[in-house]
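First chain A sits with chain B, and in the next complex the same chain sits with chain C.
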Partner chain A sequence: MSGLKEARIWLTILAAVVLLPVFVRHAIATEIWIFAIFGLGLNLLLGYTGLLSFGQATFFGSAGYVAGYLLKHYGVGVPLVLAVGIAVGALTAAVVGYLCVQRADLYFIMLTFALNQMFYFTAYQWTSVTGGEDGMPGIPRPDVLGLDIHGPLAYYALVAVLFLVALWVMKRIVESPLGKILQSIRENAPRAEALGYDVARMKLAAFVIGGAFSGLAGVLYAMLFGIVPLEAIGFVFSGNVVFATLIGGSGSLYGPVIGAFVFIWLSESVSAMWARWPLLLGVAFVIVVLFFRGGVVEAWARFWAWRAARRALTAMGADVSR
Partner chain B sequence: MKFSLLVSQLLNGLATGMLYALMGIGLSIITGVLNIPNFAHGALFALGAYLLYSVIQLVGNFWLALLLAPLGVGLLGILIELGGIRPLYKAGHDYQLLLTFGLSLIVTEGIIIVWSPVGMSQLPPPLLRGGVDLGITFYPKYRLFVMVAAALLVLGAWLFLEKTRYGAIMRAGIEDKEMVTLLGIDVHRLFTAAFALGCVLAGVAGALTAPIRGLNPLMGVDMLGIAFVVVALAGLGNLLGSIVAGVLVGVAQSLVALYWPEASVAVIFAVMAAVLLVRPQGLFGIR
Partner chain C sequence: MSLVRTERLTKAFGALTAVDGVSIEVQEGSLHSVIGPNGAGKTTFFNLLTGQLAPTSGRIVFDGRDIAGTPPHHIARLGIARSFQRTSIFPALTIADNVWLAAFARQESWRGLAWRRADGYPALAARARAVLAEVGLAGKADQPARAISHGEQRQLELAIALAATPRLLLLDEPAAGLSPDETQKMVALVRALKGRYTIVLIEHKIDVVMTMSDRISVMHFGSVIAEGTPTEIQRNAEVRRAYLGGVAAP
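Now for the complex of A and B:
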């Protein structure tokens, strides 16, 4: 990608970060960037390595619970809690990933889901720690390095900065040699293996990094709402992040960011109106899959290609009114 | 711990294990032949249970309901395959997953809207109420019936897959789709048939489960994970493996329920994780 285009994208993102809280409720704006971090982690697997994980909530929720517990009962500071959350995300991903990466394709997908269920039912039953069905409420939001982040805008600023850092880190990862190896695995795993790369270990590395991003998102989510709901570790959350990433477009670094924006904004608007909104979500899944495959980024590119073609034709004097 | 309790829990594990095997076999046929991740399999299981409930309400006959409910689920399966999955044959697993996951949300929410968000119960048919004395323990008749019925269905599925022409085509479809097409077999019809068959098996498992565990809208989701466990352990299209895997997790669950009831669901997945730790390729050596 050319430097100029790159600069334009980052300027757009910066502008979005600054302007979003002006137009959208602060909690929703914050949730959008949290979900974007979550999506970035998934997309390293889905878009770059070609691994469809349907268990990302495992790492999101586990990190949320551990961080929430530390904040609530031990009064641990935010920087440490963030680090712990990232570590918990990476660690749970290492365990789950170790079991999953040895199996390919459909088995891999089913295993990520099944292990997600194991963590879910553990959280569901371990009520003394997680609060079970009621969730883990009363998570405080202590000062960060002397800065008060109680206000919604202050917390938004913290999350937005962390999102920008996360995006930059992910950009460095996908452009690094590791990122290139992961992409070669996506394109042709046997060939990558033949070239001497340990494919299973590389996949595991991607899984652990994705887990770390999910963990960060999970902690930020817990502090945003002051509660870790049971859903945060449930499979619907895992499905949502897959959906958000796909509507944004898994083919680019920025796809999950756009996806998070569209998904959170729409779901927050709709879920407030109707308790049975998962029905609409399901309908949306089906419609998008059947008619809008490729996501927003690709639809946008197609639109521009169509316009360019139309312009070229007009310049040649062709009649494009029909 | 009384010995009779242990025996009856073992039998319970066997009965639920056979139902898990049925789910696993249905899912394995669908996943194997169509090469898609079917996240709607659990919701279709739940639909089987609810259809049984409603047919009984309407006509008052359990046996007719046990026949009609799975057929209804199979019919819906045909519609799903034709309308939703067929356009996605060439799309990636991500989109196929999203479609089936979306359908699963629709069916689950549909159940909540049409029936009820809270659980309901369903009595076994009069003939199968009460229990029988097995000598060691007193055991509910209906659960014995489920064991036998599930065993017969698995046997039927085995006979169908191994001894009939259609079954041979289906197995060939799991092994090598290209070859099947080259032999001049209409692969689209094969896909529809396989999907419908898998749905019927999910529906019948759901219908059989209703009088044991009652009905609730989330019963399908819980079962979906278990069906995945069975397939992951047994391998696609492996009937014997599915029975072994189903009974293994069913019995493990029942026994853990005796000593540590809170862990009885999580243990299903823990058993899977433990097996995969030792044998990453599953019980029977598939990739």
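Now for the complex of A and C:
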């Protein structure tokens, strides 16, 4: 990608980060970037490695619970809690990933799903810690290095900064040799193995990195709402992030970011007006799968290609009115 | 000196013994061809050498150490590279990336694996460019591999194997499915590799094999039925029978 185009994308994202809280409720704006971090982690698996993980909430929820517990009962500071959340996400992903990467395709997907269910029911049963069905409420939002993040805008700023860091880190990763190796595994795993890459270990690496991102998102989510609801570790949540990423476009680094925006914005704003809003999401999903496999990113690129072609034709004097 | 030798190498799939007690010795720097009718076990033999399959019994000694049963990614890192009979590339990646990945895999150290920019390895980029130039794909480096013709994909297949700077190069029917023109080009390419690499070549086109090889092993029903120089093989009666009439013929 050319440097100019890259700069334009980052400027757009910066503008979005600054302007979003002007137009959207702060909590929703914050949730969008949290979901974007979550999606970035998933997309390393889904888009780059070609692994459909249906269990990302395992890492998201586990990190949320651990961080929530530390914040609530031990008064641990935010930087440490973030670090612990990332570590918990990575660690649970290492365990789950180790069990899953040995299998391929459908078995892989089902395993991620089944293990997610195991974590879910553990959280459901372990009421003394997780609060079971009621969730883990009363999670405080202490100052960060002397800065008060209690206000919604202040917290938004913290999340937005962490999102930008996360996006930059993920960009480095997908542009590194590992990023290329993961794509080669997606394209042709036996060939990657024959070249000298330990495919299982590389997949595990993708899992762990994705888990770390999920963990970060999970902690930020817990602090945003002051509660870890049981759903945060449930399969619907795992499904949502897959859904959002596909809508945004799994073929690009920025797809999940757009997907998070579309998904959260739709679900939060339309659901207030219309209780059957998931119908809309369903229609959006069908359109994406049938016509725009690359999601919004691809639809956007095609639109510009179409316009450029039209302009070129017009310049040549052709009649394009029909 | 032999770079690789197999000792009574055997692979059985249930009742079928695809490779049956094969002992072959490949001299360093030579071009050693393996020929034989379809189903003779040639590709299975390659899969054993590269670790895609674990042998039922027997040894594979590469550069003095037994590598039988070692996983493919280890064997590749030792310097054994192969091309596949059925084109096996990374379709959505650029041609340059296809080759770059092969070169990176052979790096001594994978420092910066997840952090350094992939375009920050000038030596690898140079290697990739050189290999693409050698096979005649230099002008297409930035195209996705799926966009080029079948013939060019066969050239890419070879380029991927070469980019790994292999000590042992296994070529599985590099000219499979090529037109006469493309075949000629491929034969010239392989001929140009002779002497610079230690090569084991599986090939059906007998005339090509006869003119290029230093030694030839003939496989039939999983066993080596003859081995020798091209002239010796040409004179061998058993080889003629295997090729012309099958073993049942008188």
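Throughout what follows, the second predicted complex is superposed on the first by the 302 of 322 C-alpha atoms of A that agree within 3 Å, B and C clash if a C-alpha of one lies under 4 Å from a C-alpha of the other, contacts with A are read in each partner's own complex, and residues count from 1 in each chain.
Keep this in mind: contacts are C-beta pairs under 8 Å (C-beta built on N, C-alpha and C of every residue); 3 or more make two chains touch, one makes a residue touch a chain.
Remember, predicted model here, so these are calculated numbers, not experimental data.
**Student:** Touch test for A:P177: chain B only (first), chain C only (second), both, or neither?
**Tutor:** A:P177 sits against chain C, while chain B stays out of touch.
**Student:** Could you tell me if A:F54 is touching chain B, chain C, both of them or neither one (first, second, both, neither)?
**Tutor:** The first partner, chain B, only.
**Student:** So in the superposed three-chain picture, is A:L4 touching just chain B, just chain C, both, or none of them (first/second/both/neither)?
**Tutor:** neither
**Student:** Of chain B and chain C, which one touches more residues of chain A?
**Tutor:** After superposition, B is the partner touching more of chain A.
**Student:** Could you say whether A:M273 touches chain B, chain C, both of them, or neither, answering first, second, both or neither?
**Tutor:** Touch status of A:M273: no partner.
**Student:** Would you check which partner chain A:E187 touches, where first means chain B only, second means chain C only, and both and neither mean what they say?
**Tutor:** second
**Student:** With the two complexes superposed on chain A, say which partner A:L195 touches: chain B (first), chain C (second), both, or neither.
**Tutor:** second
**Student:** With both complexes superposed on chain A, which partner does A:Q125 reach: first (chain B), second (chain C), both or neither?
**Tutor:** first
**Student:** Touching A:A205, do we find chain B (first), chain C (second), both, or neither?
**Tutor:** second
**Student:** Where on chain A do chain B and chain C both make contact?
**Tutor:** Chain A residues touching both partners: none found.
**Student:** Quick check: in the complex, which residue numbers of chain A touch chain B?
**Tutor:** Interface residues on chain A, with respect to chain B: 46, 52, 54, 99, 102-107, 109-111, 113-118, 121-122, 125-126, 235-236, 239, 242-243, 246, 250, 276, 278-279, 281-286, 288-290, 293.
**Student:** Within their complex, state which residues of chain A touch chain C.
**Tutor:** 172-173, 175-181, 183-184, 186-188, 190-199, 205, 209
**Student:** Can you name the residues of chain B that touch chain A in the complex?
**Tutor:** The touching residues are 31, 35-37, 39, 84, 87-88, 91, 93-95, 97-99, 101-106, 108-110, 112-113, 221, 224-225, 228-229, 231-232, 236, 262-263, 265-266, 268-270, 272-273, 276-277, 280-282, 287.
**Student:** Give the list of chain C residues in touch with chain A in this complex.
**Tutor:** 50, 52, 71-74, 76-77, 81-82, 84, 88-93, 97, 100-102, 104-106, 110, 112-119, 121, 160, 164
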